[in-house]
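Structures follow.
The same chain A turns up in both complexes below, where it pairs with chain B and then with chain C.
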Partner chain A sequence: MIEFDRVSLALGSFRLNDVSLTIRKGDYYFIVGPSGAGKTVLLEAIAGLHRPDSGRVLLRGEEITALPPEKRKVALVYQDYSLFPNMRVSDNVSYGLRVQGMGKKEARAEVAPLLERFGIAHLTDRYPGTLSGGEQQRVALARAIAVKPDILLLDEPLSALDPVTQEKFIDDLRRLHREDGLTVVQVSHSRREAHLLATRMAVIIDGALVDEGKAGIVLNTPKSREVASFVGIENILDGTVTANEDGLATVVAGGLVFEAVTDATAGEEVTLCIRADDVVLAAGGGRRTSARNTLAGTVVQVVENGPVAEVRVDAGVTLTAVLTRRSVQDLGIVSGTPATLSVKATAIHVIRSFS
Partner chain B sequence: MKTEALSTDPFPAKTVATRWKEHLGRHIDWCTLGFCIMGGLLVGITVLALANIATTELADPAHLLKVAASSQVIESILLTFGAGASAVLLLILFGTPLAYVLARSRPSRLKGAVESIVDIPLILPHTVAGLLVYLLFMRRGWLGAPLSEIGLAFEDALPGTIVAMLFVASPFYVNTMREGFEKVPVHLENVARTLGAGTFTTFRTVTLPLSLRHMYSGAILAWGRAIGEFAGVIMIAYYPFIISTLIYYSFTTDGIHTSRSIAFTVILVSFGVFYLLRRMTRYLGRYDDRV
Partner chain C sequence: MVNGNPIIEGFIEAIELIITLDPQVVEITIRSLYVSLTATFFAALIALPLGALIYFYEFRGKHAVVSTLQTLYALPTVIVGLVIFLLLSNVGPFGFLRFLYTPGGMIVAQTVLIIPLLMGLTVSALSGIDRDKRYTITALGASRLQTVMTIIAEARFAVMSGVLLGFGRAIAEVGTVMIVGGNIRGATRVLTTAIALNTSMANYSLSIALGIILLAVALGVNIALSLVQRR
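Entry: the complex of A and B
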C-alpha cells in the first residue's frame, strides 16, 4: 500500500538513514525502537510531514514523495492526543470533515454515530481540557477515524494511559483493525503491545531500520544482538560454534556448552537468544529430559510479576526463566535453591555474525 | 516558690513581642514583602509624577477644560490614535506572517539575522529611527521618490506619521506574536494537516485562533508605542501635529501651562482607552490549555 524506498532525511542533528519498508493494506504495522531512534519522525514522514532528502515514497505503486499530508488520506494520533483546545469535542471530531468542505450541521450529524461508538457522545459540548486522558484519547481516535483514512497513524497512543484504560483501548484498536479493515501503523516501544496487536513490524535504531517483517518472526528470531535486546529476549549470550553435526551446533558461550539448531559452522562467532518462556526449571537435581541443554546452577533472584515470576539462575552465566507463581511455590524456589535449567536446542535462536 | 512554679511550666506565657513575631512569621513572606517594597518604589515614581501633574491641573479645572475641549487638541488626539491604529493594522497584515515564519523556522544564520533586523528599532535612538525613515521615504528617497510619483507623499503628511509609527512599533508586535505562535504546539498543526487542512487553512483555523491573545497584546503594545512616538515622527512629519508634537509645539510657543494641560488630557484619555483594551483581553482568545 505504502512503500518507502531508501528514504533518507535529516532533521537538525537527527538523520533517518536509507529506510526501506512496505506497509500492506490491512496490516497492523508496528514501528518499534528505543527513545530517540526516529520512530515518530518515520511516522511523520509516512504522513508527509517531512519531505525526504533522498529516496521515494510510493502509494499503491504511484510516487507520492512530494504529496502534502492533506492529500495522503492518512490520519495521525499523537501520544499527547493533540486535541484542539479551543474547540469542543464535537468540533474536534468533525474538524476534518469541516476543512474538507462539509457544512457544520452535516459534519456534526456525520460524526454523531462515531461519538456513540467511542462512548463520548455525552462529552459533545465539553472542551478537551476538562476531559480525562482516556476520554481525550477516544476523542482523538474518533477525530482520526471521522475522515475515513486509508492509513491510521498512531504515535505511542497507550503510553499515557493507566493499565485498565490501556486494555480497553487495545480492544478498541483491535476492533478497528479487524472489523473495519483499517490499515494501522503504530509507533511503540512496548513489546507487549506488539505481541497483542502487530501483524508486521519494523525495528528502528539510531535512524536506521535494522529489522522488518512479520511480527512473530521479528520478535522471536531477531536479526541482530541489538534487536534481540530491544525486543526483550531475556537471555542473550555471545559464543563460538565448536562443532556442527547435521545442523545441530555445539556452541560454547560464557564457559557453558549449548546445543542449538543452526547452520553456523565451527569457529563461527554467534549470539544465542533464549526466551525465558522456553527455559524449563527443575528444583534440585531434576530429571532426564529430551532437552539438549541441561545446566545446573543456583537460584539468585525471584522477581514476581503478576501471575508469573522471573527466576534468575547462576549457572556460570546468569539465565532467566519465566515460571508461574504457582510453580515457584510448588517447587519451593527461593534465592539459593539449587536448580537445573533445560532448554531445547530448537528453542535457541542463533544470530550469525555476518547476518 | 512562685519563681520555681513558673520555671517548670511547660507552656510559659508568651510576651506580646513574641506573639507578634510569631504572627508575622506565619502570615508574612519576607522575601515577597521585600520584592513588593522594591517594585513599589518603581510604581511610586509614576504615581508621584501623575499626582504632581494632577494636583496642579485639577487646581485650575476651567483652564484644563478649555484646553481639553479645543478642536486642535481633540483633532490631534484623534489623529494620533488613528495613525497608531493604521500602523497597527499594517503590522497585523505584514507582521503576522513574519512572526509565524520566525516562530516555525529552524535556527539558522538567516533566521538570526532577520530577528536582529526586526529588533533594530528597539535599540536605535528614536532620532536615528526617524532619520532612517526620513531618508527612505523623503521625496528623493529610495521608496519616497517612486511613491510620490503615484501621489503618495510622506514628508509632512499623514502617511509619513504612520510609516514612522510602524517602524518604531514593529518589534513590539512581531516579537509578541512570534512568542504566541511558538506556544502553539506543532503537533496541532500536523494533526490538522493530516485531517485534510492545507497550510493556510491550518493557520487560519488552528494556529491563529490559539494565538489571538498574543495578537491582541502585541497590537496594544505596538499601538501604545506608536502613539507615544515623537522624535521618530517629527523627522519626517512635523505636520500634521500628533499629540506629542503638539505638546512640544505648545511648550515652546505657549509655555508650560498649556502644554501641561494638553499632557494631562492625553494621560486621562490614554489611561481610559488602555484600561478598556486590557479589560477586553480577558474575553479574547481564552481557552483551556490543560490539554
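Entry: the complex of A and C
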C-alpha cells in the first residue's frame, strides 16, 4: 500500500538513514525503537509532514514523495491527543470534515454515530479540558476516523493512559483494525502492545531500520543483538560455536555449554537468545528431561509481577526464567534455593555474527 | 484629624468629583480611553498579522527579530515620544499632517509604542500551539491557509491577552502623550498627563480622582485578562 524506498531525512537532531519498508493494506504495523530513534519522524514522513532528502515514497505503486499531507488520506493521533481546547467535542471530531468543505450541521450529523460508537456521545458539548485522559483519547481517535483515512497513524497512543483505560483502548484499536479493516501504523516502545496488536513491525535504532517483518518473527527471532535486547529477550548470551552436528550446534557462552539448533559452524561467534518463558526451572537437583541444556545454579532473585514471577538463577551466568507465582510457592523457591534450568535446543534463537 | 490634611481632603473631594461626574474628569477620561483604545486597535491591526507572519514563516534571522521585539517591550516612552515628535514636527517628514499636539498624534505615538509588544505577544501566543497540534491539523486534511486560521483561532484567547496588555501599557504611559500631545487642556490632556500636572500644582483632589479612575481602568483590564486567560 505505502512503500518507503531508501528514504533518508534529517530533521534537527533526528534522522532517518536509508529506510525501506512496505506497509500493506490491512496491516497493523508497529514501529518500535528506543527514545530518539526516529520513530515519530518516520510516522510523520508517512503522513507527508516531512519531505525526504533522498529516496521515494510510493502509494499503491505511484510515487507520492512530494504529495502534501492533506492529499494523502491519512489521519494522525499523537500521544498528547492534540485536541483543540477551544472547540467542543463535536467540533473537534467533525474538524476534518469541516476543513474538507462539509457544513457544520452536516458534519455534526455525520460524526454522531462515531461519538456513539466510541461511547462519547454524552460528551458532545463538553470542552476537552473537562475530559479524562481516556475520554480525550477516544475523542482524538474519533476525530481521526471521521475523515475515513486510508491509513491511521498513531504515535504512542497508550502511553499516557492508566492500565485499565489502556486495556479498553487496546480493544477499541483491535476492533478498528479487525472489524473495519483499517490499516494502522503505530509507534510504540511497548513489546506488550506489539504482541497484542501488531501483524507486522519494524525496529528503528539510531534512524536506521534494523529489523522488519511479521511481528511474531521480529519479536521471537530478532536479527541482531540490539534488536533482541530491544524486543525484550530476557537472556542474551554471546558465545562461540565449538561444533555442529547435523544442525545441532554446541556453543560455549559465559563458560557454559549450550546446544542449539542452527547452521552456525565451528569457530563462529554467535549470540544466544533465550526467552524466559522457554526456561524450565526445577528446584533442587531436578530430573532428567529431553531438554538438551540442563544447567545447575542457585536462585539469586525472585521478582513477582502479577500472576507470574521472574526467577533469576546464577548458573555461571545469570539466566532468567518465568514461572507462575503458584509454581514459585509450590516449589518453595526463594533466594538461595538450588535450582536446575532446562532449555530445549530448539528454543534457543541463534544470531550469527554475519547476519 | 481630618481637617487640614490635604491628602485626606483630596480623597474626599476626589470621590465627590467622580460621583458627581465632574465635566473635567469625564472629559479627560473619555479622551484617554479614546486615544488608547484607538491606538490599541490600530496597533493590533498592524501587529497581529505581522506577528503571525513571523511565526508561520521560516526566515534567516527570525530568532534575532523575536529577541529584538522582546527588547522593545521595555522601549522608553519618552524615546518614542521624542522620535514621533521629531517626525510630526513642522521640520519633520510628516509635519504636513499637522498631527503634533492633537489626539491623532498621540494615537500614532501610542500605536508605535505598543506595536512591538503586540507583535511579540502574538508570536508567543501562536507558539503556545504546539507542533503536534499543527501537524494534526495538516494531517486531518487542512490546507495551509486553513491550518493558519485554525492555529490563530486556537490561540485567540492568548492573542486577546496580548492586546489587553498592550492597551494597559498605552493608557498608563505618560512620556509619549506628554511630548507629542503637549497636555493641552480641553484638547490633548489625558489621565496620566493631567495627574502629573495637577500633582505638581498641588491640586491633589483632581489628581487623586483621575488616579482612582486610572486604577479602575487598570483593574478592569486585569479582570478582563484573567477572564480571558481562564478560557
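Convention: the second predicted complex is superposed on the first by the 355 of 355 C-alpha atoms of A that agree within 3 Å, B and C clash if a C-alpha of one lies under 4 Å from a C-alpha of the other, contacts with A are read in each partner's own complex, and residues count from 1 in each chain.
We take it that a contact is a pair of C-beta atoms (placed from the backbone, for glycine too) under 8 Å apart; a residue touches a chain by one contact, two chains touch by 3 or more.
All of these numbers come straight from a predicted model, not from anything done at the bench.
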{"item": "Three-chain arrangement built on chain A, chain B and chain C clash or fit", "value": "clash"}
{"item": "Which superposed partner A:Gly12 touches (first chain B, second chain C, both, neither)", "value": "first"}
{"item": "Superposition-derived comparison: chain B or chain C, residues of chain A touched", "value": "B"}
{"item": "First (chain B), second (chain C), both or neither touched by A:Thr324", "value": "neither"}
{"item": "First, second, both or neither for A:Pro128, with chain B first and chain C second", "value": "first"}
{"item": "Touched partner set for A:Val99, first chain B, second chain C, both or neither", "value": "both"}
{"item": "Which of chain B and chain C A:Ser353 touches, first, second, both or neither", "value": "neither"}
{"item": "Chain B versus chain C as contact partner of A:Val74, first or second or both or neither", "value": "both"}
{"item": "Touching partner for A:Leu153 - first (chain B), second (chain C), both, neither", "value": "both"}
{"item": "Contact residues of chain A, present in both the chain B and the chain C interface", "value": "44, 47-49, 69-70, 72, 74-78, 80, 82, 84-86, 95-96, 99-100, 143-144, 147, 153"}
{"item": "Chain A - residues contacting chain C, complex", "value": "44, 47-49, 69-70, 72, 74-78, 80, 82, 84-86, 95-96, 99-100, 143-144, 147, 153"}
{"item": "Residues of chain B that touch chain A when the two form their complex", "value": "106, 185, 187-188, 190-199, 201, 205-206, 209-210, 285, 287-291"}
{"item": "Chain A to chain B touching residues, read off their complex", "value": "12, 44, 47-49, 68-70, 72, 74-78, 80-86, 95-96, 99-100, 127-130, 136, 143-144, 147, 149, 153"}
{"item": "In the complex, chain C residues that touch chain A", "value": "130, 132-133, 135-143, 146, 150, 153-154, 156-157, 231"}
